[in-house]
Amino acid sequence: MSAYMDALVALPVILPLLIGALSLALWRSHAAQKLLGVFGTLALLAVSVHLLFETWEHDHLVMHMGSWQAPFGIVLVSDMLSAIMVVLTGIIGLATAIYSLSDIGSRHERFGYYPLFHLLLAGVNGAFLTGDIFNLYVWFEVMLVASFALLILGGERAQMEGAIKYVTLNLVSSMLFLTAIGLLYGLTGTLNMADIAVRLGEVEDTGLVTVIAMLFMVSFGIKAAAFPFFFWLPASYHTPKVAVSALFAGMLTKVGVYALFRVFTLIFNQDVDYTHEILLWIAMLTMLTGVLGAAAQFEFRRILSFHIISQIGYMILGLALFTPLAIVGGVFYIMHHIIVKANLFLISGLTYQLKGSHELKELGGLYRSHPMLGVLFMVPALSLAGLPPLSGFFAKFIIIRAGIEVEAWLAVTVALVVGLLTLYSMVKIWNEVFWKAQPEPAGRAAGSGAPAGSLFWMWPPIVGLALMTVMIGLYGQPIFEMAELSAEQLLDTSRYIDAVLGADYVESLQEMRR
Amino acid sequence: MIALIWNIALALIWMALTGSFTGANLLLGFVLGYLVLALTLGRKPDVRKYLLKVPRFFGFVGYFFWELLLSNLRVAYDVLTPTHHMSPGVIAMPLDAETDGEITIVANLISLTPGTLSLDVSSDKKVLYIHVMYLDDRDAVIRSIKVLEARALQVLR
Amino acid sequence: MIEFSMIELLTAVFLVAGAGFMLIAAMGLLRMPDLLTRMHATTKAGVLGAGLIMVGAAIYIGQLTVVVKAIAVVAFLILTAPVAAHAIGRAGYFVGVPLWSQTHTDELKGRYDQKTHTLASSGEKGSAQRDQGARGNRSES
Amino acid sequence: MLYAILSTFLLAALAPWVHRLTGRYSGWVLALLPASLFVYFLSFLPEVAAGGTVVLGPSAGGWAPAWLDAALGRMLWMPGLEIQLSFLVDGLSLLFALLISGIGFFIVSYAGRYLEKSRDLGRFYVVILAFMGSMLGLVLADNLIAMFIFWELTSVTSYLLIGYNHEDAKARKAALQGLIVTVAGGLALLAGIVMLALASGSYELSEILNSGDAVREHALYLPLLLLILLGAFTKSAQVPFHFWLPNAMAAPTPVSAYLHSATMVKAGVYLLARLNPSLGGTEVWFTLLALFGAVTMFVGVFLSFRSTGIKSVLAYSTVMALGTLTMLIGIGTDTALLAAMAFLLAHSLYKGALFLVAGILDHKAGAKDFLQTGGLRAALPVTSAFAILAALSMAGVLPLFGFVAKELMLESVLGAPGLVPLLALLAIASAILGVGVAAIVGIRPWFGPRVETPKTPHEAPPALIAGPAVLASLGLVFGLGTGLAEDGILAAAAQAVNGGVPVDAYLALWHGLNWPLAISVLALVGGLFLYSRWDRVREQLAWVDTASRYGPERGYDKMMDGIVGVSDWQTRVLQSGYLRFYIMFVIVSTALMVGVTAQIFGVSVGPLAIADLRLYEMAIVAIMALSALYAILTRSRLGAVAALGSFGFTVALVFVLFSALDVGITQILVETLTVILLVLVLFRLPGFLGLSPWWVKLRDATIALAAGGMVTLLILSTHSAREFDSIARELIEWSVPEGYGRNVVNVILVDFRTLDTLGEIFVLALAAVGVYAMIRFRAEDRR
Amino acid sequence: MNMYSLILRTAGNFLLPLLLLFSVFLLLRGHDEPGGGFIAGLVAAGAIVLYVFSMDIASARRLLRVDPRDLLGAGMVIAVLSGAPAAFLGQPYFTAQWWEFALPGGGELKLSTVLIFDIGVYLVVVGAVLTIILNLAEAED
Amino acid sequence: MEVVMAVTVGFLYAAALYMMLRRSIVKLVIGLVLLSNAANLLIFTAAGMVRGAPPLIYPGELLPPGVSADPLAQALILTAIVIGFGVLAFAVVLIHRAYEVVGADDMDQMKDTDT
Amino acid sequence: MFDYAIFLAYALLSLALVLSFIRLVLGPTLPDRVVALELLASLTVGFIGVAVVATGRSAYLDVALVLALTAFLAAIAFARYLEKGGHRVDD
């Protein structure tokens, strides 16, 4: 691979790391941090998009960090799924960076908002790109600790309470992950995921492998906020700054989903009937408990938070059904959901700034006063509910179609019912926040005290993300093709393995057996 | 102090001259440097003081470890026998040491030697409070501690 | 017995002696009646024991770098152990850890002022009684 | 065709600006689009009337530049999923398209006047035009998924229309109800059509309609049929899903007129008719459609007759019409299909007219209830004339088109392939009540003693009257010239419903003296009789109110409450707020998943090597474990910290004794720092509390030990199952020659696996920033 | 805020340079013997922590001259950039670059991006631990 | 040795998890410390334990003498220890702050945020 | 035979370890526990010294070096805690 390609694969990780480091080094200058925030994420997006196109063209791009041949060093691997995820990070990163210009006050800036922000992106991208299981753990931790810190910026009681649960449960997840890595390393003597896949392919007694797979499932299930491990999410996601919520809602749980997709296609494909049946149940229960959790909520961001969970269920369902089309659906769903959910959170922040509350009871009258915002809300809200012709419909449609094709009736039923209940929640928000007249007395009289002009930078990201949602709805074919190629790559693991290890190594591995 | 630096410099020069940068060679260089200093500048008062200090230092180290051993044997006896023979107490000992460094070193040495443990120094740096395990004869104890202090100060001053 | 070389014999003596002193330190720690007497045991025997073992190691390996390292370990222990002992002993004394009932002299008693953190050099100046200060601390919880 | 559909959406997007530019004429200006679309659709008429079918691919534009056609064809929508914008123009779709655009013209122009003073008019145009586009897309689409997309779009746009008066809680509730019911059905429909595509092998209607036999014989036929019917029945308000429709009267009148005459609610009927060639002709199809249709017909007209609200009466009579249509399609004979098409047309015309009249009554007289009206003929001469004309058609009075349709309907019922007595009974009863309802509409407001209306009545302006006038008149025109409608479109439509085979039936004003005519006469007499005792009948039917409290609407409400209730309960149970329950959930789930899997796959531990045990190591390990034990058992906080210190030293010792020097050093340093940290923090933290009773502790200990045992099992079985050399071998070999370092661990950290180390220092840095922020925020808040 | 102990203060002043020197020693030889950026950084941080305990926080901050957060930022930037030379030479990121300089007297000095990276690690560890401990200690007062 | 360690590590997991199931936040912290150590020891054990053979190469040599312990596992553990420390530092301060804000060492008083 | 000496040293140290731990558990006061912890650190140094002899590898001394120089920090921290008034009955 050319040096240029090498750099391209590494940049989505290195760039935010460097910008984060610089932001910290320049912590006295808020202006510099803001500039770095916007232009850094812009550059990140540009690099990511470029990487996506190159990956599209070349199938797999592998970068051997430090020039150490795989599996001995750490590799970064860009396949379609990784590249897609990285681009999404860029999109959400840029959107929230711009949004932050209006949302994040100087207090947060002083206490490290921007460094944390960039390093979170770096962690997320590192997790997406790494081809090494332990390195994945490291990026998970980078991402998590960054999110811990972002979560408590503000120091309010709710934040502290939420953060304790978030931190503790995520640490449990990390420890499970570490445990699983330790066992896997003990079993295979390697850390490179492709190498692990090859070696596990040689193992005759797959039972132990499947048991270890359970640990991964739980660990990533916690990160992904799947049933019955999602508790940390509703406990915390409604507490930080909205820009932070949006970033979390968009990217964080998706890293868990990504990891599930990665290991349960590449590594743990020994007893698919068993593992993916469990995933299927997890998916269904996740969808149901998430959506039901939302039904009783009357706080904007809490509703959205519970819906993250139910939507995660759809993505896992795509993986669990394990047909090419289902995986396409899962990947499509991820793409759609990240954009939509982040946007909904951004909108909740804007309504908060306008009306000074997140409580549906205290909100109202926005359709009268800000009809444009109404339209902007409708797009992601209906998309989330899966109504055509928005992105969510196609995502749901693919999964449902895949489910029907394999006659997974129960799963299809759940998917459909959950779609309806999602609509119910979204319409509830619409009814209360937009249609209902502003109740008396108004929330906190005139917003949160921010002058109206300062809200300017909140609009472009919301508009941009809404346009993307519509665009995917109207012109989803490229997205579909990307998802299709990812599914192809995920299911044909030999492509990944050969790209990372080279065919020679795979053959020579026979000699390494004890 | 200048003399010590000179000695070290001489050791380093020795290493450079011989071209061998090992610990052993450094030690050799130091010993040779000491001898050279003794032969050449031995009559200058500050150098002389330094030259005297080195053997005193090693003498003190020997004395100190001997005391350490003794103190341990006594404690061991007390520990290993079923009954306690101690008669502990806290005493205030007037200090001859003056600077912070001297006081600290003396106090720490006292802690490491027979049956005594420095607790604290008075704020005016005049008195050291010591916990003594075998305080049968306060004056005898203080006298023996004073010996230690004096030997230490000899090396230090 | 015969296969003992001189080096090995010396090493063995130092190791066993060192370990023995450390055991004595531990026994002292367990058996001595109060904090300060326990500290007598650990501070001295601990340093001596570890020191002897280091000497044994230095003799056994016999290289200069190892000797230097072993000396450094002992030196570091000698530097740090009494400081730690002082800090703990002083703190323990001032917060009112009880002394052994047979402690017959206490010339420090009553000379520490909890408020100004000054320690008098003679008996007249101390304002707060040690026991009062201790009780003041305890009553916080 | 593509551009025709797109143009409505485009205009919808531009409508607020057009409205602002054209002011009070905006209705007329915007109505030009439906008018031109109507004309455009008419251009298909010759070919379609001749029995032709036009299928247009996604890129078949015509007048636009080819690149635009191609681009739009690619974009809309997703060839990879066989979703595309292809269109099917035949009698059925064209009939609907003409009705939608034709009535749409009147609705838009009417609304421009009717809502003149509303400041939301601009937004209203947006939605109504988008709705029109969706309806057109729905009836014209050839691609199933495209059709579904438009189907759902009508649900959403109608939601916005119903909730037009959104500050009124009732309107919001009705809108939500309509949306939930129709979308619920829509989701069933989605599953149904995917299965249909699976059964037929295609997503294109033009192909599916030709593979009816394959579908009917497919194993999935029954489930897919039920799902599709669920979609159609909810949309077309069949019993028991009829309740949402009258509530939807919360919408402004032009919306009601549009939704109930030709569009929204008829979408279900369209779907049934559309799929008849593919799904129809089976026993179950007939039974379900005929039964549900007939019952709906009767329930609708019954409820209509006992209502007094103007729009309510009309709405329930719409339910009747929808039932009738469903029943006819279910009967499926040639006559029935033709009857269905004729009735569809007739109903659209008179119902559109009547709703618009209702709007005039509201707008010009302030009347919302028939009881508020009476003797208005003089005040509203023109309106009343056309209202009466439309009511006559509704009653099925000669020579109006309603009569033609009703005759054919009755004939179909009598010729049904089964259930004739039941269907006939319901049909006759409905016919009688139907006349009664028509009488309420056609007589009550206009004749009799003058009743004071809330507002002084005024005759309506042309913009409001044009619609009723044209629509009601067309009822007369088509009645007199049945051939006009039949040859023009109805025969072609029926043929399309019949799977492309021309129907063996015809329309006529006069079929001779036969049973249907007799029934019609009976109905007229009976209906007028009932009307004459309307008030008393209503009184006697008061029990219906009580009964309907236990009807399907209550079911809907209960279900929604139930969902919220379950949600509440679930949140209390799962998301309880107790962190330790969360942790317990995770531990127990993990232990179960691991344990059960290990059991199923028979994971076992190989031979254990216990020969190399050494006493001092045992002692160290024992102290390690005991330190941990003491840390958890002690009531002393700092005792626990000290125990952690001793734990840390013994762990370090294990590392060192087993050759991990760097790790040992790091462990010692980190342990020391951890102790320092804890000591610093514990300064302000409270003591341990004995908060749990013994049985909780026992339970937790059991769980913890089970999980720990699982870990032990895993380590042991992994240890005995190891089959490969570690890649560490190469790392050691390369350390000096390639990595220029003799401490292999360090070479790994800073060279082989730099990225790990990089991430790790960033973790440390992030933690530091986080701690800094937490403490500083606190410090600032205190100030 | 110190412990008002002369002994501890004096010992702390003496041990500080010793610990710092030791940490540099651990850093520089870490590639060949136990040590390296982390361990060295932790020892250096320990040195400052000792200084905090024996003197006070303000003195520790004065001693540091820079805010620990600057160390953090600088260390991160150095660590990330240490991989950059490789990228400019057309090699994958973090490919180690070694430069050897002959020293007068036959010795040679090995400089490398690996060492630079380790220095970055060192700075980050020092900066992070100190940021945490100093702020926590300040908050406690 | 691995057998003994396996049992011990299992016990440590149990101890850690037991602590994390308590109501006291201070105990939660202790549980976290134990858990992170237990996971490190698990890696150490799973990778295989070798006495007296540190992966250090004598000057002038190319390989360590004889069979050496697994340096990779050690590097992983080292990384995990440092990460664990960072995370723990954060968690400890978080709990400290939460205690200040909530005013009780009882996790049961921190449940209002969820619903 | 030499091995027995090493074994004996290990055994004595192990016993010392156990005894120190008992004091750590018994307390009764925090300073008592801290003193026990200090001795544990010294014992660790002793173990390492014996390990140097047992394995013949001097690199172990590096661990002892670090330990000797830094382990006392914990004791200082405890002492500071006590002096600053954090001490309570339940310590």
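Letters A, B, C, D, E, F and G mark the chains as written, and numbering starts fresh at 1 in each.
To be clear about the criterion, contacts are C-beta pairs under 8 Å (C-beta built on N, C-alpha and C of every residue); 3 or more make two chains touch, one makes a residue touch a chain.
What you are looking at is a predicted structure, and each value in this text was computed from that prediction instead of being measured.
Chemist: Would you pick out the chains that touch chain A and also touch chain G?
Modeler: Joint contacts, listed by label: D, E, F.
Chemist: More contacting C-beta pairs: D-E or C-E?
Modeler: When D-E is set beside C-E, the one with more contacts is D-E.
Chemist: Hey, how far is the Cα centre of chain B from the one of chain G, in Å?
Modeler: 25
Chemist: How many Å are there between the centre of chain C and the centre of chain D, using C-alpha atoms for each centre?
Modeler: Chain centroid spacing, chain C to chain D, equals 78 Å.
Chemist: If you average the CA atoms of chain B and of chain C, how far apart do the two points sit, in angstrom?
Modeler: The separation of the two C-alpha centroids amounts to 17 Å.
Chemist: Could you grab the centroid distance between chain B and chain D? Build each centroid from C-alpha atoms only and quote it in angstrom.
Modeler: 89
Chemist: What positions in chain E touch 2 or more of the other chains?
Modeler: In chain E, 3-5, 7-8, 11, 14-15, 18, 32-35, 38-39, 43, 46, 49, 69, 72, 76, 79-80, 83, 94, 96, 125, 128, 132, 136, 140 touch at least two other chains.
Chemist: On chain C, where are the residues touching two or more other chains?
Modeler: Expected reply: 27, 39, 47, 65, 79-81, 83, 85-87, 89-91, 118-119, 141.
Chemist: Would you please write down the residue numbers of chain F that are in contact with two or more other chains?
Modeler: Counting only residues that touch two or more other chains, chain F contributes 20, 25, 28, 38, 40, 42, 45-48, 51-54, 56, 59, 72-73, 76, 78-79, 82-83, 86-87, 89-90, 93-97, 107, 110-114.
Chemist: Write out all the pairs of touching chains, ordered by chain label.
Modeler: A-D, A-E, A-F, B-C, B-E, C-E, C-G, D-E, D-F, D-G, E-F, E-G, F-G
Chemist: Under the touch definition given earlier, write down the residues of chain D that touch chain A in their complex.
Modeler: Within the complex, chain D touches chain A at residues 74-81, 83, 123, 145, 148-149, 152-153, 155-156, 159, 163, 166-167, 169, 172, 176, 179-180, 183-184, 187-188, 190-191, 194-195, 198, 560, 563-564, 566-568, 570-571, 574-575, 577, 579, 582-583, 585-587, 589-590, 593-594, 597-598, 600-603, 711, 714-715, 717-719, 721-728, 730-731, 734, 751-756, 758-760, 762-763, 765-767, 769-770, 772-774, 776-778, 780-781.
Chemist: Spell out the part of chain A that touches chain F in their complex, as residue ranges.
Modeler: 134, 137-138, 141, 144-145, 148-149, 152, 155-158, 160-165, 167-168, 171-172, 174-175, 178-179, 181-183, 185-187, 191, 231, 234-236, 239
Chemist: Given the complex with chain D, which residues does chain F contribute to the contact?
Modeler: It comes out as residues 1-31, 33-34, 37-38, 40-42, 44-59, 61-64, 68-79, 81-90, 92-97, 99-100, 104-108, 110-115.
Chemist: Which residues of chain B touch chain C in the complex?
Modeler: By the definition above, chain B touches chain C via 22-24, 27, 68-69, 71-72, 75-76, 78-80, 84, 86-92, 107-109, 111-113, 115, 117-124, 126-127, 129, 131, 133, 135, 138.
Chemist: Quick check: in the complex, which residue numbers of chain F touch chain A?
Modeler: 20, 25, 28, 32, 35-36, 38-40, 42-43, 45-48, 72-73, 76, 79-80, 83, 86-87, 90-91, 94-95, 97-98, 101-102, 107, 110-114
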